[in-house]
Amino acid sequence: MTPLISDEQASDRVKAVFDDIRKTRNTDYINNLWRAIAVHPPTLERTWERVKTIMGQPSALDPLVKEMIYIAVSVTNNCEYCLATHSAAAVTKGMTPEMMGELLAIVGLANETNRLAIGYRVPIDERFQ
Amino acid sequence: MTPLISDEQASDRVKAVFDDIRKTRNTDYINNLWRAIAVHPPTLERTWERVKTIMGQPSALDPLVKEMIYIAVSVTNNCEYCLATHSAAAVTKGMTPEMMGELLAIVGLANETNRLAIGYRVPIDERFQ
Amino acid sequence: MTPLISDEQASDRVKAVFDDIRKTRNTDYINNLWRAIAVHPPTLERTWERVKTIMGQPSALDPLVKEMIYIAVSVTNNCEYCLATHSAAAVTKGMTPEMMGELLAIVGLANETNRLAIGYRVPIDERFQ
Amino acid sequence: MTPLISDEQASDRVKAVFDDIRKTRNTDYINNLWRAIAVHPPTLERTWERVKTIMGQPSALDPLVKEMIYIAVSVTNNCEYCLATHSAAAVTKGMTPEMMGELLAIVGLANETNRLAIGYRVPIDERFQ
Amino acid sequence: MTPLISDEQASDRVKAVFDDIRKTRNTDYINNLWRAIAVHPPTLERTWERVKTIMGQPSALDPLVKEMIYIAVSVTNNCEYCLATHSAAAVTKGMTPEMMGELLAIVGLANETNRLAIGYRVPIDERFQ
Amino acid sequence: MTPLISDEQASDRVKAVFDDIRKTRNTDYINNLWRAIAVHPPTLERTWERVKTIMGQPSALDPLVKEMIYIAVSVTNNCEYCLATHSAAAVTKGMTPEMMGELLAIVGLANETNRLAIGYRVPIDERFQ
């Protein structure tokens, strides 16, 4: 089974990331994902840096919209872990059951129409080239 | 190659959908997707009905957010046709290059972290069950 | 670009497979797939052997049904080459446009409902365990 | 965890779909999928309507063939829920273990040869354009 | 649930494959995969033959490299069974935790950059055609 | 179509990355991927930083092995751009046609057996948990 690095087992390098997660998210809890990838510190550092920046910093997209985009990909790829954690994050950021229902309806629709476009080998309209 | 049903070739059943697309979208142009799936009228009717309702009707999610969710799925599935048409739709609804850049960054990040979660076989935290 | 092995370039090992394809399919034409993978003779031999047996030999499933299953996978994976060649094969074996229309409708539906089942994290009913 | 809407919790709108499922399938049992997506009634209605029509109505394709196409997609996408329920449905409609064995062999073969065609970047033969 | 064919239930045809697995791998243990696909003897025979040849015979690629390529695909497809068994095989062949960490980092990176190339619809450079 | 940022159009931020690519790779040529994602400088910077580090720095895995893992993912995801560029990179690093043939054979095999394991719903052996 996947080892999860506890605070006690964490090297200084890992501890620094755990500390930054705690500070940035204002919580003491470290998700299993971080404890799992802590086995390979460069992956932990790079992944956290990017999640923190891309998902967490104020930018052109609303934080909730970012979570919904992330969920759309995770459902399409069947990543249950990512779906579970980011659904929770989306709810925290204001996603209602109605919004989740619509999100999944669109994900379903896109997965279907993607295959219709592929299956019928539809040529791209000149105006969309 | 895929036959594209012209207005002249359209049966009454197909014509009715083409008319509704024109009226709903307030344009004379019918995208190739509709002309291709018109080969199978039940698919044309059902698909248009759902696209019209899910993507087009006022609802809990913003129209632009819906397009971005649709794009996230289409990029993950590598459907170039859907990507091309819905990117154009998203721009019409206000997506700036900066927003598209962020959208693709999140799609890339999610596709990556999905595989980290899968590859490390990370168990779902009790609190996210 | 992908080199396609011509009859003149074919080694004896490759020629033997090409001959068997011609005899089995009763045609002089060798599809590009075989000419491409002929670059690696063991792959050519193994792949032809299995296609010949699984797709070509009389068995519990009807030859046309086999082609439709093959197409369902190829559309889901977005393999345009496989879709093009096996659609042609299916037509030869009796697939009507109506049947192709239904096939793609089911492929679209399954790709959608797969994501609904995944997105809602539906637990498997005891009776289907 | 995913809430499953019981008969008691069902709104009139949901109850109407549950009733139609029971009548159409001639059984009292409602699969978890329907109870899960009942959280979002429009998705429940639309999905049931299409499953009922596409999978359930007499048409150009045999009911068992439809199930096998559905299974081919579900295996390719790794949707265990869909695989479990539609395998059961296929058995009810006459699928023997031998047929299931062949179905999975074709699904495996297509998933393999899809990647050979992609990996060798095989150009589509003029005759299959 | 999936029936697993025990030694007692094995037909002569299945037994012959089980014997060859034991001899080739120099172990008495038969993985569940083989016991599951033994339900369909032709699939068992063909799959074992190819795994034995492609993964097991001395060739241009190092045995550990082969396992890592296999893992890269299995993570991308989210096949937990394949990931679990081939990770164990890779460790036996010398994969260190550091190497596994790098392998997963590359799998994550490729899954990300694949979507950037697709999402930006990057045209292939003339020199890479 | 995708705009490709020329040297003349490059902002200072983009120019800095282009310069580093040229220096690191010891070539004047900048691949289209970099010119495309230069539209969104943070994505350009982050992606180049990681490609440079993960793929380019001396580490536990051989440079050619890294390219082959990258190709395995790109073929599975059907990313033609990534396949074309990384195949060229792999050849530069010593990949022979024989090695490419084996690589694709393994990618095909894994994509097949992944679906057999999924389709038969094979339970993970206790020893591989």
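Lettered A, B, C, D, E and F in written order, each chain numbered from 1.
Assume contacts are C-beta pairs under 8 Å (C-beta built on N, C-alpha and C of every residue); 3 or more make two chains touch, one makes a residue touch a chain.
The shown structure was predicted, so the numbers you read here are calculated from the model rather than taken from an experiment.
Trainee: With touch defined as above, tell me whether chain D and chain E contact each other through largely the same residue numbers, more than half shared, or through different ones.
Mentor: Different: fewer than half of the residue numbers at the chain D-chain E interface appear in both copies.
Trainee: Among the chains, which is located farthest from chain C on the basis of C-alpha centroids?
Mentor: If we average the C-alpha coordinates per chain, A ends up farthest from chain C.
Trainee: Have a look at D-F, A-E or E-F and name the one that copies the A-D interface, over half of its contact pairs being the same.
Mentor: A-E
Trainee: How many Å are there between the centre of chain B and the centre of chain C, using C-alpha atoms for each centre?
Mentor: 27
Trainee: Can you work out the whole-Å distance between the CA centroids of chain B and chain E?
Mentor: 35
Trainee: So the centre of each chain is just the mean of its C-alpha atoms; given that, what is the distance between chain A and chain B in Å?
Mentor: Centres of chain A and chain B (C-alpha means) sit 21 Å apart.
Trainee: Which positions in chain F are in touch with at least two other chains?
Mentor: Within chain F, the residues that touch at least two other chains are 1, 39, 42-43, 46-47, 50, 76-80, 84, 98, 102, 104-105, 107-109, 111-114, 116, 118, 120-121, 129.
Trainee: Would you pull the chain C residues touching chain F in the complex into a rising list?
Mentor: On the chain C side, the touching residues are 39-40, 42-43, 46-47, 77-79.
Trainee: Give the list of chain C residues in touch with chain B in this complex.
Mentor: The contact residues of chain C facing chain B are 78, 97-98, 100-102, 104-105, 108.
Trainee: Where on chain F is chain D touching in the complex?
Mentor: By the definition above, chain F touches chain D via 71, 75-76, 78, 80, 83-84, 104, 107-109, 111-116, 118-121.
Trainee: What part of chain D is in contact with chain C in the complex they form?
Mentor: Per the stated touch rule, the residues are 1-2, 4, 29, 31-33, 36-37, 39, 43, 47, 50-51, 54-55, 59-61, 65-66, 68-70, 72-74, 76-77, 79-82, 84-85, 87-88, 96, 98-99, 102-103, 105-107, 109-114, 116-118, 120-125, 127-129.
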